[in-house]
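Structures given as structure tokens follow.
Note that chain A is present in both complexes that follow, paired respectively with chain B and with chain C.
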Partner chain A sequence: MMKNKRKILPYLLVSPYIIHFMLFVAFPVIFSIVLTFHKWNIIAPMEFTGFANYIRLFKDKTFLQSILNTLLFLIIHIPLQIVVALFLAEILNQKLKFKGFFRAAFFLPVIVSGVVVTILWQQLYGFDTGLLNRLLIKVGLAKIGWLTDPNIAMTSIAVMATWKNVGLYIVLFLVGLQTVPPHYYEAADLEGASKMQKFFKITLPMINPTIFMVVILSTIGGFSLFIEPYVMTGGGPLNSTISAVLYIYKQGFFYYHMGYSATLGLFFALIILTVVFVQKKFVERDT
Partner chain B sequence: MRKLLIKIFLLIVITVTLFSCSENNNYGNRVISYWSSNNSYEINYARFITNKWNEKNEIKVKSQPVPEGQSSEEVILAAVVGETTPDIYSNMWQGDVEAYAQAGILVPLDTLKGFMEFLYERCDSSVIEEIRSLDGHIYQIPWKINPIMQIYNEGIINELGLENAPATYSKFTEASQKFQKDSDGDGYVDKWFGYAEVQVTWWQRFFDFYPLYLAASGGASLVKGDKAVFNNKYAVDVFKFLRNLYAENYFSKERLSARQDPFLSSDIATRFTGPWEISHAENFKPDGFEYDFSPMPVPDNHSGPIYTYGDPKNIVIFKTCKYPETAWEFLKDILDDQGDLLLIEMTNQIPRRKNIFENPLYKNYFENNPKMRAFAKQADFVKGTDASPVLKEVFDLISQEYEACVVYGVKTPEQAVQDASDAVDLLFLK
Partner chain C sequence: MKKLKKILFYFFLTLSALVFVYPFYWMVISSLAPENEIANLTLLPSDFTLSSYSQMIDKIPIGKAFFNSMLVASSITIGVLVFGSMIGYALSRLEFKGRDLIFYIIIFTMTLPFQITLIPQYIIMVKFGWIDTYLALIVPYFINALGIIMFRQYFKSLPQSLLDAARLDGCGELQIIFKILWPNSIPALVTIGIITFMASWNEVLWPLIVIRDESLMTMPQLVTLFAVGGRAESQLGVKLASAVMLALPIIIAYLFFQKYFIQSMASTGIKE
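Showing the complex of A and B:
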């Protein structure tokens, strides 16, 4: 009897996690894979369509554009995020008055709701009434279609996303900067190294693991770009800001193409997995 | 003793929970659930009509506003999936009905006794054909409409030397040119003749392309069966007309909706809108501001009546209803002459019935609400949407091409309409 209890107890202890995993991870994943072979609009019964959704995916120009848009966002957002976060972290790492205040101030946008931030920036970016264009006119420059020019809209979104998230990465970089042993700088001072030399020869190599972590986090965060284009532009103008996640969402919850949406989601998950895998290889090699 | 108390406590909790979960706690089991729209006027209206019914009928009707959600369409879909639909729903967008009908969750109303006779009494045959589903049955009762018309600032129109809002494309363009201004001298236009949302969202086309297309074409369809039928000169003309307005900056490409109402602040002279604009304008208009409504502008060579989009909201009975015949009796009660009078008086929404403007029963209402007269006259020439289970996609595809051609001018009108039509045809192939 006691022996049986001993056998059951470990299973009982892990069962909450297993049940949670089965219900909220395994089942949705398996169900969405099954969905990729079906046409289903929620209200009518599922209809088996074989590989039709996969064929459609490879012909879907808007999906391709949404992936390219997401990549463009990443190309602008990640370097900008790293440069700005590292620059501000470096300043905040110095002996500075009101350091605590500045650290909190830079972190504040991270905890503010994404929708609120997006609406705020929408007001800044307005063509006729936006603050940025009013400033441009004051200094004698032409107005810019921050959100209405297809060539600029994604950059505008990337800048806003950087402002929103930079606080988090400042904290990560601050942690990284504080792990650099001070005697390296002391030795460099003795050798007569300049500030720039110290930064490029000591700081950057020493915080390399942090930079890679920031790149991975930004990449994953960037791939899930949704709220900003959803609220600000709806994916326009001319689909120039439609992100892959927004497009998947639209297919699923706007048009109720559940099977096709699941197919897009699966394909996009594979892309993210590949990119993160490649990044991981780089991290392992460089650290 | 302690155990007994705990048992009694648990029993009370369970009993209270079960009773509070029961939907029909006030009326017993013989009850019909009715969801209305969730604006305050319609909530009051629904309460009034259900109370009236419940006073004299054994099977009761329990009304409640459609639960809050991003849109009532989403809430209804969630209810369908969760099998918690009401028996009657009175705010069904006509474009959604075909998909629900094909899913087999609506009662074919034409199978109910006396339904078709009632419908022919209430509506023109063209309306009946418009609401007929692809399988030949009728699943919806035309109930109310909010026709899209041109609202215009009378002061500005008079200043431009016009007596009424411009009725044709060339007059509209001419008036736009005269009105366009850079009032603060910063080198940028800040007074536009009109405004329409430039967002690509499919339903935004109900307020620009679609009513203009219906006006130009005399109420033509976008799709028929499994075929796009809008690749015609009317659609091209509408695209050309609007494209020119944006190209010349007579319409703003900027979203003006986030700031003070541009119509009431006279930053624009016209826009395409529905009767809901009246209560808004009356509440917020500045002193001396006068406005009126006129039909949608049409091509210069247009002849015949000017149609528009009616934004129809219809009534359906879900198959989960245990008493469809009684539900129909209830609906007949609220859809008769007096019921419609009550609707228009309590909600300021136009019932979709024949000759409403000529009907002496409604004369008093229109005398007391003169701004509604234009909508009542227009009510004879409105169209809803075509029967198609993929209507949102159809409008989305048109909207994509609209944005490319009309707003950004990267495609010719002919090419944009052709591409939209081809894309819709492809949609039906899938």
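Showing the complex of A and C:
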């Protein structure tokens, strides 16, 4: 009796996970594959449509644009984030007073909801009365259509996302910088190395693992871009800021195209997995 | 020379800190300024008024949304701590068949993009009749892979003698987890608690999908729909007031527990 109880007990403890996994992971994955072969608006019965959803996907220009927009966002956001975070972390990594205060200030946007940050920046980016354009006029420059010019809008969103997240990456880089043994720099000083040389020859190679981690974390985060364009621009102007997740959401919950939305979700998830897989391969090769 | 450099550093850091803090300051004073002054506001309005707040309270049930957010985020946090420690304990301290398999499945699910499961999860909620209930907001979040992994890591680092002594005293496994391990795992509890609470407080996509009834909406959802829909009637002050209400609870918590927030968030990154 006692022995049996000891045997069953571990399974009882992990049973919430198993139930959750079946219900919210395993079943959804299988069901979403089934859905891709159907047309369904939830209310009427499911209708088998073969590969129609896939054919539609490959002809869907808006979906292609939403993926390209998301990639453009990543291409601007990730390098900008790494440069700014590394730069501020380098400065904070000196013997300074009020270090904790500065770190806390940079970290403030990280903890605040993306909705708040988006509403706030929507005002800063405003064309007529926004703070940024008021500043531009004051120094004698022309106003910029931060969110109304299709060529600029996605960059504006990427800059805002960097402002929101960079505090977290500053902290991660600070941890990384602390792992560089001080005698490396001392040896370089003896050789008469310049600041730049020390940064590129010692610091950068030593914190490579942190950089890769930041790249992978912000890639996964960037692929889920949704609330910023949803609140700020609704995907416009001219679909220039519609992100893949926003488009999937619109197909599913504006038009109730469940089958098609599931197809988009599955296809986009495969893109994400491929990109992250390739990034991880690079890390393994380089380290 | 050295002194000049230091001053330059401080000047630069202060400038950067302003870039991160000033927008929040602007948001708060704008929400307190008369509507017609917001367009030209930079430092202080001529007069402070709560009219934006009273208008917002008339338009949306922000108080109820605060209650909903508190209820949802606290329930999820408690669930994640309880289930996470049970599962983390089994995975780190008990021997049983299939243990490694379960561990690998957990790691695998962490890499699975949510974009695959979003639509089917919504359909499950429809089939369960959970749309427009708290259950839809809370139950799917009870299990958190990162939470389980972090508990497993932490419990592994505790000495075996702790468990042996408890077993000798005749403690059951649940007693061991909650009476013996918990008091010895405060850092893990704080870290996982903060991350979970923050993530659920700020979550917006899922509530947008499963809740339509305004009286059940969480704060980020209500504020989002208020800002996107026409109900703020292009009154900036009212929109900003709703954003302040959403940001305030977390910022207040942050002012008190700033160190823990930063450490907790950073540790999730490092674990990856």
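One rule holds for everything that comes next: the second predicted complex is superposed on the first by the 275 of 287 C-alpha atoms of A that agree within 3 Å, B and C clash if a C-alpha of one lies under 4 Å from a C-alpha of the other, contacts with A are read in each partner's own complex, and residues count from 1 in each chain.
In this text, a contact is a pair of C-beta atoms (placed from the backbone, for glycine too) under 8 Å apart; a residue touches a chain by one contact, two chains touch by 3 or more.
Computed from a predicted model, the values in this text were never measured in an experiment.
K.L.:
Could you say whether A:42 touches chain B, chain C, both of them, or neither, answering first, second, both or neither?
P.N.:
Touch partners of A:42: chain B and chain C.
K.L.:
Which partner does A:123 contact after superposing on A: first (chain B), second (chain C), both, neither?
P.N.:
After superposing on A, A:123 lies in contact with both chain B and chain C.
K.L.:
If we overlay the two complexes on their shared chain A, which of chain B and chain C does A:224 touch? Say first, second, both or neither.
P.N.:
The second partner, chain C, only.
K.L.:
Which of the two partners, first being chain B and second being chain C, lies in contact with A:201: first, second, both, or neither?
P.N.:
Touch partners of A:201: none, neither chain B nor chain C.
K.L.:
Looking at chain A, which partner touches more of its residues: chain C or chain B?
P.N.:
Touching more of chain A: C.
K.L.:
Check whether A:148 is in contact with chain B, with chain C, with both or with neither, and answer first, second, both or neither.
P.N.:
Once the two structures are laid over each other on A, A:148 reaches chain B alone.
K.L.:
Regarding the shared-chain residue A:239, is it in contact with chain B (first), chain C (second), both, or neither?
P.N.:
First partner only, chain B.
K.L.:
Could you tell me which stretches of chain A are touched by chain B in one complex and by chain C in the other?
P.N.:
Shared contact residues on chain A (touching chain B in one complex, chain C in the other): 42, 122-123, 128-129, 234.
K.L.:
Can you name the residues of chain A that touch chain C in the complex?
P.N.:
7, 9-11, 13-14, 16-18, 20-21, 23-25, 27-29, 31-32, 35, 42, 88, 91-92, 94, 96, 100-116, 119-124, 128-129, 131, 134, 163, 167-168, 171-172, 175, 213, 216-217, 220, 223-224, 226-227, 230-231, 234, 244-245, 248-249, 252-253, 258, 261-262, 265-266, 268-269, 272-273, 276
K.L.:
Provide the residue numbers of chain C that touch chain A in the complex, in ascending order.
P.N.:
6, 9-10, 12-13, 16-17, 19-21, 23-24, 26-27, 30, 38-40, 42, 83, 86-87, 89-91, 94-96, 99, 102, 105-106, 109, 111-124, 126, 140, 142-143, 148, 173, 198, 201-202, 204-205, 208-209, 220, 223-224, 227-228, 236, 239-240, 242-243, 246-247, 250-251, 254, 258-259, 261-262, 265-266, 269-270, 272
K.L.:
Would you pull the chain A residues touching chain B in the complex into a rising list?
P.N.:
For chain A paired with chain B, touching residues are 41-44, 52, 56, 122-123, 126-129, 137, 143, 145, 148, 150, 234-239, 254-256.
K.L.:
In the complex formed with chain A, which residues of chain B make contact?
P.N.:
77, 80-81, 99-100, 102-103, 105, 186, 188, 190, 198-201, 252-256, 258-259, 392-393, 396, 400, 403-404, 407-408, 410, 430
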